[in-house]
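Next, two complexes with chain A in common: one pairs it with chain B, the other with chain C.
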Partner chain A sequence: MFFNSIDFAIFLPIVFIFYWFVFQKNLKAQNFFILTASYIFYGWWDWRFLSLIFFSSIVDYIVGLKLAKTDKTGHRKFLLLTSITVNLGFLGFFKYYNFFAESFADAFTLFGTSIEPSRLNIILPVGISFYTFQTLSYSIDVYKRKLEPTKDIIAFFSFVSFFPQLVAGPIERATHLLPQFYVKRKFDYDKAINGSRQILWGLFKKIVIADNCAKYANLMFNDPADKPGSALVLGAVFFAFQIYGDFSGYSDIAIGTSRLFGFDLMKNFSYPYFSRDIAEFWRRWHISLSTWFRDYLYIPLGGSKGSTSNKVRNTFIIFIVSGFWHGANWTFIAWGTLNAIYFLPLLLSNRNRRNIGTVAENTIFPSLRETLSILSTFALTTFAWIFFRAESMKHAFEYIAGIFSISLFANPDLPAKAYQSIRLIILFIIIEWIGRKQEFAIEELKLYNYKVPKWIFYYAIVMVIYIWGNYSETIEFIYFQF
Partner chain B sequence: MKNYLTKISFFVLPILLTLVFLEFYIRSKPNDYSYKNKYLTENAKDIETLIIGSSHSFYGIDPQYFSMNTFNAAHVAQSLKWDYFIFDNFKDRMTNLKFLIIPISYFSLFYDLEGGDADWRIKDYKIYYDADGPSWKYNFEILNRKIVPLVIHAYKLFSGEDHGINCTDLGFGKRTALVDIDMDTSGKTAAEIHTVENFDDYDSNIEILEKFIIDCRSMDVKVLLISLPSWETYRKHLKADQLKKTVDACLDLSGKYDNVVYYSFFNDRRFVLEDFANADHLNDKGAEKISRLLDALIVAP
Partner chain C sequence: MKKYFFKIIIFTLGVILINTVIYFITDRYYFKPYENIEKINSNDTVFILADSHGGPLKQNLREFGVYNFSIGSDSYFDIYRKIVYLKKHSNIKKVIITADDHTLSIYRERLNNKDRSVHFLEISDSDILLEGRFSIFKEKYFKRYVPLFNPKTTAIVGRYFRSLFKKKKNTVLDWDTNDNKKKESVKRAKSQFRGTESSTELTECIRKTVELCKSYDIEIVTIKFPLAKDYLSEIKGRNFGADEQFRELGIKTYDFTELYINHDEYFANQDHLNDLGGELFAKELLKIVEAD
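Here is the complex of A and B:
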């Protein structure tokens, strides 16, 4: 079930009404209802994959209980290893098997031998990378004694499958989300209004920005050889806004929906395209994944401590693994490597934490220096997105070669409607800039003090979604494939 | 909670009421689907030749040039599955039926309306033919059109610019004014759209064709499988294996069943540029030409 579908528009109010009016008095029943709704939500795609979530949940639930009963280091390590093996085993099998089989076969061609890889004709279960990491965080935190294992199986299963963030995050930590299932939720009017606004803004980002940009990004990436370099540059920019609108839009809808049910999810995006360097970008982009890798991979490896070679090694590991998490393709590894190369000079020169606060915090416009920093960071990020979007390394290099040609200065010759998308992007950037100090851009606006303008504003967003939304096809959220 | 629900209701209610109004208004107006269903319900027993198919036959075969009582039950983007649905729905009432014309286009054997770009049209069968459909969402007009086209459609119906029914009394598609068509672009684009990546739907479509044929045999009805004319800019962009599989299937069926004949006009030189609306559709002149040819084949086979 997609957030931007009619199915969800019917599902959500039904779940909301039952949740608050039928099950509110009994916490266990309310959690069980969330679990049921979440399984329906997930099963809407393919009910067969429910067994994977169920199995992953039961393994980690048992591992948690067993960890509580033993202090023997060997036994505890074995239990943690069981959890990691099962979870990463599923992920590896469904997501990476074909990649490794093909890469293995390709390696043979280097020695002049060719073998036919045995491929599996399997579908990637939606959101597997997200819930696998979420449930893994539970086992690791229990192992590290940062979290008491839960005996409440319904709460635990609900935590793993909580429908607003099940298929594309934010990847929640057990320490943050699981305790929220233990306490009775009270309806909070302000929280619900705030959540509704965030849902509306998320829909705008997805349907208006991401889906419109997708049309022109696809146009450029599908056939780069036919396009002038200038159009390919714009294609990469369209993709940059497509992926941002798509993924941060999903996160906004997820966080907003959770608020309607009295839950708080972690922030996942914080205006990443206003970042002044790559380090800041990575503190603002897909925060739940970046911090997951930081806490469970980078820091255990030694982080930024130790020798220079260790820093370099750890940086490359975390970025390459992060790239590989996104997909089983060399393009994602290249994307991760490129970001590591961008990031390393900042880390090695201790300049990676220069830009912490909000850009132009006390002024309306950024300074010239800030503007140049923002633009150069955006250019670097967009260049890296080419690898992320490309279907193969060859495709990526063809695209880049197309950009760096004489036609870079030619008329991009875009379809007339593409300019409408550019205007929408500009409008989007302006709204994001105005709201950059808030959790999401339209969280608090001065016009909310006035009833009529407030309602006009809401209706205007709805109208923009209706009028400029791309409904010619249901475009999946990009991150569902991860 | 009460305050929240009140505010949300005030916000959502005008939108919902508008949509409900549009749904009822559009449904209340006749269209090609409701007209053809009504016609077939009232006149099934008089029909001697039935034409089915997609836009190629909707705009390409005009029943008025047939000697026998003929009706065109084709609809734009109609797949064989929905062709059969219409036929199956009325076959018991078509007691005088003698000929069934099934145009087999380059894409017909590899295409299913469900899951394709035009799957929103399934609602027309559910709403106006009372068909069973794959999802409840096809029970509503408003869930199957973009909001802007939906409002424009309702406005055109209201202003009389669109009469709702865009076919003749005998079901032939009336074209709106044609703009100048670039036959090269039109051919390339149509061929790309009609070329499939795999042949997954082939077996199920052959099964449907065989159901047609077996039903017709028991009704003593002759089946004409035909390939309608196309322009060279369309033909040259087609994939050879998909085209060959289509022709082979038609030849196999005509050889296997004695109530089936296959006529191909696909590459027929009698059809010149002036006969085409675009690279893969005939215009009214071309429709008259092919309709007279088909009639001659039926009258004096």
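Here is the complex of A and C:
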């Protein structure tokens, strides 16, 4: 079920009430209830998906226990390899089989031989890329002896399937989330209030920003040949805000929901569009995935140490794999490659960590230099998003060719309602800018100190969602497809 | 915990209050007008099921046992549901369904009356509709009584509040001068024929409707409503192919699109008849009813 659906609006209060009033007595009951709720949540899409997550969980649970019992390097490696093979095997089969089959057939045509690829008519289980990586982190950490394997099967299954972050992250590390299932949760008022605000803000981002931007991004991307270059530029900008509002909105709802149940999830976004360079952008965008790749791929490969060629190789590997993780399409690989190209000059000139803190930390407005850096980073990112959004490489190049045409300076001729979306984006940027030092933009506002303004503010968000939100249930979260 | 619940309850009460205001507006101006239909009696055996194109026919053929069950924006989804309802509540023998060029447009998947036509269903109809009971429940009760969750109500509430503060601005040009006729035809054609692909969901619904009627032993006839000359030339033969879909399923289509091609005086606008046109066209339909 989607977070922006009626189903979830019914599901969440029921689970919340049962969790705190019926199952709060002991830890086992709490975990068992979380597990049951999570399986209902996931099975709501298609109950057949449950067998996959169950199998993936049981394999890693057993691998963890076996790893604890052996010190033999060969045996340990075999166990880790089993976990990796099973998890990536599932992912490869469901997500990448058709891509490889088609690419293989395409490759043959280069040699003048035409073969018909054998495609499989399979549906991609929702969130498989997310929970596969989460459960893999457990096996790898146990293998590396960073984490004691758990004997508590309910806690482990709950960790893998924890419903707020099951289908689109944040991708939690076992070292962070699993121990939270070992301790009985007690209701924390501040945490719950904070979580509720974050859910409200997440809904605003998704329903008002992302889903409105989606209409115009789709309009431009669906038929770029008909549109002037200026409209295509705006289409790419709309998509940049669509994907940010969509994914960070989802993460906010996930983190906020977890807080209602006494859990803390890792931060997944930190105002990425205020980044001053690409390296900073990647420290602020989809943090849980970037750090996953950093810890389990980039650093084992040598990271930024070693010769220049190693650095270049590792950078390309991590960005291309990250692109490929998003989907079985050459467009995602192009998107990853482009980001690697953006990132490399910073890495090679040792300037990749020069923008660590918050932009304009002690001032209200950014300096001219900061403004230009932010805008140029946003422009580069938005250009890369064209590949991410396009359905094929041909589509992406057509779109880009459409931008760099004489019509770039023509009137974009947008539908009248698109200007309303632009106004909403501007409002959104202002609120995000004001709250940029916090975990989410409306976490703490001065008006929370005053009762009436605080309540007016909450209801204002509800009304903005109702009036300007595009809350058709058919608009899915983009990252659910990954 | 108590403090949190207290705050959540206050928040929820506020939301309920907003919801209640919206409910009364939408119930009065949106749901009720759709549901308040003329009572169907045992003499009604033929039913006209169309969108706003069927409106001008009014109940002109009622004395001949023909009941006009057309409502603006009705889609094939709504028509299907109405047939399920009619089977239970009437002596239905025959349906006259619209097969106009625009009815399989993708925009009809979104712009339809599903949230209102669900009124004619019962939860137990889920087996016939091949829809889950919970999904019917959600549509029938949740979307109606919690209109905050019904995106379609936003426009209705907005229109209501605007009407309180200012006079309604008429954005539709009068259908009197040739210039306006042309302009309105261009505008209408643009909105009705967006894109080139027809809706697969609605096409599937046509197939289901034909199967349903066969199982209920209901005869189907389809018609294409008359269109004005300017509009016909503007759409340039574009057709999403509902007539073709019905034809493939063995259903006959009577094409009246050019019936009044030189009679703009029978039209209220480019694709809707006026009262006089409706009255005349009703007589044409009667010929079909009687001939078959």
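Throughout what follows, the second predicted complex is superposed on the first by the 480 of 482 C-alpha atoms of A that agree within 3 Å, B and C clash if a C-alpha of one lies under 4 Å from a C-alpha of the other, contacts with A are read in each partner's own complex, and residues count from 1 in each chain.
The rule is short, and it goes like this: a residue touches a chain if its C-beta (ideal position, glycine included) is under 8 Å from a C-beta of that chain, and two chains touch if they have at least 3 such contacts.
Just so it is clear, the structure is predicted and the values come from calculations on it, not from any experiment.
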Original post:
Looking at the combined model built on chain A, do chain B and chain C fit side by side or clash?
Top reply: clash
Original post:
For A:G169, is the partner it touches chain B (first), chain C (second), both, or none of the two (neither)?
Top reply: neither
Original post:
Which holds for A:G323: it touches chain B only (first), chain C only (second), both, or neither?
Top reply: neither
Original post:
A:W455 contacts which: chain B (first), chain C (second), both, neither?
Top reply: both
Subject >> Intersection of chain A interface sets (partners chain B, chain C) >> reply: 6-7, 20, 187, 189, 192-193, 196, 455, 458, 462, 466-467, 469, 471-472
Original post:
Tell me, which parts of chain C touch chain A in their complex?
Top reply: 1, 3-4, 7-8, 10-11, 14-15, 18, 22, 110, 138, 142-143, 146, 148-149, 151, 154, 158
Subject >> Of chain A, residues touching chain C in the complex >> reply: 6-7, 9, 20, 187, 189, 192-193, 196, 455, 458-459, 462-463, 466-467, 469-472
**OP:** Report the residues of chain B in contact with chain A in the complex, numbered from low to high.
**Re:** 1, 3-4, 7-8, 11, 15, 117, 137, 143, 146-148
Subject >> Interface residues, chain A side, partner chain B - complex >> reply: 6-7, 20, 187, 189, 192-193, 196, 455, 458, 462, 466-467, 469, 471-473
